[in-house]
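Presented below are the structures under discussion, each in the form of C-alpha cells.
Two complexes follow with chain A in common, the first pairing it with chain B and the second with chain C.
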Partner chain A sequence: MSRNNSKSWLYLLPAILFLGIFMVYPLIDVLIYSFEEGYNFASQTFFDIGWYNFSYVLHDAYFLQAVKNTFLMVIITVPLSTGIALLISVGISSIKPLRNLFQTIYFLPYVTNTLAVGLVFMILFKKTAYSDGLINLLINWFGGSSIDFIDGPYWAKMFVMCFYIIWVVMPFKILLLTSALSSVNQHYYNAAKVDGTSRLRTFTKITLPMISPTIFYLVITGFIGAFKEYSNAVALFGTNLNAAEMNTIVGYVYDMLYGDSGGYPSYASAAAIILFAIVLTITCINLLVSRKHTYYV
Partner chain B sequence: MKVVLQNLTKKFPNRNKKGTDVIAVNDFSFEIPDGKLVGLLGPSGCGKSTTLFMICGLEEPTEGNIFFGEDNVTELPPEHRGVGVVFQNYALYPHLTVRQNIIFPLQNLKGADKLSKEEMNERVLEAAKLVQIEELMERKPSELSGGQQQRVAIARAMVKMPMVLLLDEPLSNLDARLRLQTREEIRRIQKETGITTIFVTHDQEEAMSISDVIVVMKSGELQQIGKPQDIYDDPVNLFVAKFLGTPPINIFQGKVKGGKLYLTENTAVLDVPNVADQDVTVGIRPEGFIPDEHGSLSCNLVRVEVMGRDISVVSTHPACENPNVRSIIDADIEIDPESTTVCFSLKPHKVLLFDKETGKRIYFT
Partner chain C sequence: MSGNRTNQPSNYHNTARSVTARSKAVHTVIYFFLAVWGIVVLFPFYWMILTSIKSYGEYNSEYIPKFFTTSPTFQNYISAFTEVPLVRYLTNTLIFTLATTAIMMVVITLAAFAFARLQFKGKNTLFTLFLSLMMIPNELVIITNFTTITNLNMRNTFLGLILPSVTSVFYIYLLKENFAQVPDALYYAAKVDGTSDLKYLLKVLIPICRPTLITIGILKIIECWNSYVWPRLITDDENYYLVSNGIQEIRENGFGRENIPAMMAAVVIISIPLVTLFLIFRDKIMAGVSRGGTKG
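Coming up: the complex of A and B.
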C-alpha cells in the first residue's frame, strides 16, 4: 500500500513541480505583491503592508471603465453565444445531407488566428479615408448613415467587440453541443414520439436536461473566458485600449505591468486579485444555480 | 383490438456494404386476434423489432397496410394509433422521477383529450397499482432495479390506456430469476386488462411460456403462426423445428426407402408410410426416445445426466448432425452409465421429416 503510494507520488512529481513553480508560487507571489504598498521594482523594497493598492485600483477611472467593459461583454456574450451555438447545433444535428460540411464550416473560426480574424473585422467595420467598411455599405444601402465602429461611439465599439467575441467562441461550443446532442439515445426520442410529445416539449423536457452538463460546462468556462477577455480587444482596437475606452480587466493588469504608464506590479496584482475574486464569486453562483438544473447520468 | 398486417414490407436503402437495399421485413401478413398475447419470435436480425416499430408507427412500411380493428392506421402517426410501447432498454427519462415518467404521456394530451391534474394523478396511480410500484413513485430510474424499471416502463405505456401494447424484448435486460417473475407479471397484466399485446423475443422458451399465439420469423419472412404447442409439435419446416424446444431437436441425415426410415445403411428405425424414396433430414425431439433393449436405433452412450424429474441421456450417432444425441427420458427407467451403447425405439409423432434441400416438412401419417 505505502509502496504504491510512493510510486504514485513519483509519477505525479513532474506535474506537481511544474504546477508549483509556474502556478502556485506566482499565485502566492501575486497575493503578496498586492498587499505591499509602494513597492519599488528596482530596489525590491516597499514601505508598508495594507489595502492601499486595492483602494488605488478601485478608485482608478481606467479600472472602473475596464470593469464595466468586462461585465458588459460577459453579460452579453455568454448567454448569446451559448444560445446561438445551441440553435446552430440543433440545426446541424437535425439535418442529414451536408452535415459534415456544415460542421467543418462552423468549426473553422476556431482554428483561425485571432489577429487575422481581427483584421477581417477591421475591413468589415473600420472607417478609413478610402472606404467606410463593408457593414457601413450595407447600412447605407438600407438608407442609414455611416457609423464608425472602431473609433466611433462607445455602443458601436461594444457592439463590434461582442459580435467578435461571440463569433470567436462559438465554434468550440457548437462542437461540444453537437456531440452532446448526438449522444442522447434515440430511444428517448422514440418513446417521446410514441407518446405524441410535441417537438418543443421534447426539446425542453428531454433534450435540454440530457445535455445540461455540457451546457453548464460551457456557461462556466464561458463566464471565466469572458472575464479574462483581452487579446480580442487588442485585435480590434489596438494596444492603447484605455484611449479607446475598450480596456478589460486583464488589459488593465497588463497595462499596469508593461504598458506606457506601467511598472506598477503592486497595482497590477491588486487588480488581478480583484478579478480572481469576481470570477470565483460568479463561478460559485453558477455552481449553486446549476445544481438544481443540471442532471448527471 | 384486432391487429392485421397485410403484405407488410420494409426495405432499408443502402444499408449494407454493397450499397443494395436490405429487406428487413418481406411480405408479412398475419392477423392478431383481439385480447391475445402474441410473441414475435425469431433469431437476432430477423426483422421482429422492425415489425414492431411499424406497428407502433416509428417506422414507415415500404409496402403493405396495418389495420387496427377495421381502421387502416398505416399512415397514422404513432400518437394517434393508441399504442403503448415498452422499449428494450425501457427508455425511461433518467432525469425524471417515476411519477413524472408515468405522467409524461398524459401531459402531452391536447384539446378535447386534455385531462385535469386530478384525473392525471388518478390515472398515474391506477397504472402504478397495476404494476405494483406505488411505493417507488418519487425515485429516479437509476435508483430502481432492472425489474422495477421494467414495471415503470409498462406503467408509462399503459397510462394512456392504449388499444395495443407493444413490448420490444421485454425480458432481455433482466437476470434469469427476474425474467421468470416478469414474464408472469406481463401475463398477469395482459389478462387483467385484456389488452392486445405483442412482444418481441428471440428466446423461444419465453415466447412459448406466456404467449397465446407465436409468430415465428426468419430473415424478414413469416415462418409459422400458431399456438405454442401446435408449433412445437407440428413445425412447418426445419428452421422452426430447430428454433423451438430446449434441449434442441436432434437432427439426423437419413433416407426413406420402401416406406421405411433408415438412419444407417441397414437398420430401419421407423415406418414412414406414404413417403417416396428420398434422402431426408430427420428431426427427433429429445422426448421422442424410448429406451428399449431391442430398439432399432443404437447409439454410443457418452454419459447420463440426472435432472431429478427426468434424466438426460447423452450419446452419439454417426448420422447425427448435432455433436450429441440428447434424449430426455423418465427418471424411473434405469440406464447403466457403464455400458457403451444404448438402444432406443422411437415415438412416431416425435419424429419429423424434412426435405433435404428446402427444409420443408414431409408428412408421413
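Coming up: the complex of A and C.
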C-alpha cells in the first residue's frame, strides 16, 4: 500500500508542482503584495504594511474610468448577447435546411484571433483623412453624418466596443443554447400541441423553463467574462487604453504591472483583488437569483 | 369554422392551408434574421480578404470603399511575408502552441489517472483542493507569475512563455470523469495479467479515451494560438512574439501605419490555420466547446 501510495504521488507530482508554483503561491503572494506599501520592484523593498495601495487605486482617476467602462460593457453586452443568442438559437432550432451551414458560420468567431479580427473592425469603423470608412458610408446612406468610432466621442467608442464583444462571445452562447433547445423532451411540445397552446405560450411556459439552467450558466459566465474584458479593447483601440479612455479593470492591472506606466505590482495586486471581489459578489448574487428562478429537471 | 356540417371539409382544408401559409411566412422571417446575423458574422471576414487583395494605391484612392475589386493583387501577401517578421511570429506561435499542448496533455493525463484509478491517502482532500483552484481567475495570479518568471531570468524565452500554462485543473477534472467511466473490470484484468499501472494507462485507458483527449488538445491549441496577455507581459523582444503580439506590433510599427491592405493580408494569414482546423474538426470542436469551453 505504501509503495502504491508513493507511486500515486509520483503521477500527481508534475501537476502539483506546476499548480503550486503558478497558482497557489501567487495567490498568497498577491495578497502580500497588495498590503506592502511603497514596494520597489528593483530593490524589492517596501516601507510599511497597510491599506494604502487599495486607497491609491480607488482614488486613481484611471481606475475609476476603467471601472465605469467595465461596468458599462457588462451591463450592455451580457443581456444583449444572451437575448440575441436566444433568438438565433430558437430560429436555428425551428428550421431544417441550411441549419448546419448556419451553425458553422455562427461559430467562426470562436476560432479567430480576436486581436487580428479587431483590426478589421477598426478599419470598418475608423474615420481617416482619406476615407470615412464603410460604416460611416452606410450611415451617410441613411442620411446621418459621419462619426469617428475609434478616436471620436465616448459613446461611439463604447458602441464599437460592445458590438465587437457581442460579436466575439456570440458563438459560445448560440452553441450552448442550441444544444439545450435540442435536448428538451419532444413530449412536452406534443402535449402542448394537443392542447392547442399558442407558440408564445409554449415558448414561455415550456421552452424557457426547460433551458433556464443553460441561460443562467451563460449569464454567470458572461458576467465573469465581461468583467475581465481586455484584449478586445486592445484589438480596437491599441495598447494605450488610458489615452483612448477605454481602459478596463484588467487593463489597468496590466498597465500597473508592465509597460510605460508599469512597475507597480502592489497597485496591480490591489486592483486585481478589487476585481476579484466584484466578480465574486456578482456571481454570488447571480447564483442566489438563479436558484429562485431556475427549473431543474 | 362556424359553417354547417357540409361545409366542414372545405373549411378544414382552408385552415390547414392558412396554417401552412402562416408557417411559411414565419419560416421566411426566421431565415431572414438568421441570414442577417450570418452576414454580420461573415462580413468582417469578407472585408479582410477583399482589402488584402486590393493594391495599396487602389485602397487609398477609394474615399468611398468599394465592395469588390477588379484588379486583385497578391502583392500584399508578399509584403506580409517579406517586410515584417510574420514567418517568425507564426513559427514562434507554432512552437509555443505545440509544446504547451503536448506538455499539458502529459501532466493532466498523469494527474487524472491518479485521481480516477489509483488509491492513496488524502485523495479526496487533494481533489477538492484542485477543484477549488478552478475559481481562481488568471488575472489574480499573473502578477506574481510575471515576477517569478522575471526573477528566473526567463523573460523572452520559450520556457517562460510555456511553463505557467501547462496545467489546467478543469481539463484534469474533465479527463478524470472520462477515465472513471472505463469499467473497473478492465483494470483488474490487466492487474491479474501483471500489467503495470503505467502500461495500463498507455495501452488501455488512453486508446479508449482518445476522443476526449483529442477534444482537450484541440481546445488547448485554440487557446494557445490566440493567447495575448501572458505573451505580451513576458516578451518584449520581437524574436519571441506570438501572432497576437505580432499583429499588434505590425499595427503600431510595421508597414507604416497606413498600409492597411498589407495588414489585412497578415490578418488573413494568421486566421487561416485555426479556421482550417475548425473546418476539419468542426463536430469535435463544437462538441468539445459545449462540454468544456469557457470563452464568452
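As a convention for this text, the second predicted complex is superposed on the first by the 279 of 297 C-alpha atoms of A that agree within 3 Å, B and C clash if a C-alpha of one lies under 4 Å from a C-alpha of the other, contacts with A are read in each partner's own complex, and residues count from 1 in each chain.
Everything below uses one rule, namely that a contact is a pair of C-beta atoms (placed from the backbone, for glycine too) under 8 Å apart; a residue touches a chain by one contact, two chains touch by 3 or more.
None of the values given here were measured: they were computed from a predicted structure.
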Clash or fit, chain B versus chain C on superposed chain A: fit
Which of chain B and chain C A:Val194 touches, first, second, both or neither: first
Which of chain B and chain C A:Lys157 touches, first, second, both or neither: neither
First (chain B), second (chain C), both or neither touched by A:Leu134: second
Chain A: partner with more touched residues, chain B or chain C: C
Contacts of A:Leu115 with chain B and chain C, given as first, second, both or neither: second
Chain B versus chain C as contact partner of A:Met210, first or second or both or neither: first
Spatial angle chain C-chain A-chain B, Cα centroids [nearest 10 degrees]: 70
Partner chain(s) touched by A:Thr221 [first = chain B, second = chain C, both, neither]: second
Least C-alpha distance (whole Å) that remains between chain C and chain B when both complexes are overlaid: 5
Of all residues in chain A, those that touch chain C in their complex: 1, 4-5, 7-9, 11-12, 14-15, 18-19, 21-27, 29-30, 33, 84, 87-88, 91-92, 94-95, 98, 102-117, 119-121, 123-124, 130-134, 137, 167, 169-173, 175-176, 179, 218, 221-222, 224-225, 228, 230-231, 234, 238-239, 250, 253-254, 257-258, 265, 268-269, 272-273, 275-276, 279
Complex interface listing, chain C residues touching chain A: 27, 30-31, 33-34, 37-38, 40-42, 44-45, 47-48, 51, 60, 62-65, 106-108, 110-111, 113-115, 118-121, 123, 126, 130, 133, 136-137, 139-148, 163-164, 166-167, 169, 172, 197, 222, 225-226, 228-229, 232-233, 243-244, 247-248, 251-252, 260, 263-264, 266-267, 270-271, 274-275, 277-279, 282, 285-286, 289-290, 293-296
Chain A residues touching chain B - in the complex, by the definition given at the top: 185, 187-188, 190-191, 193-198, 201, 205-206, 209-210, 212, 295, 297
Chain A contact footprint on chain B (complex, rising order): 56-58, 77-80, 83-85, 87-89, 91, 93-95, 104-105, 107-109, 142, 156, 160
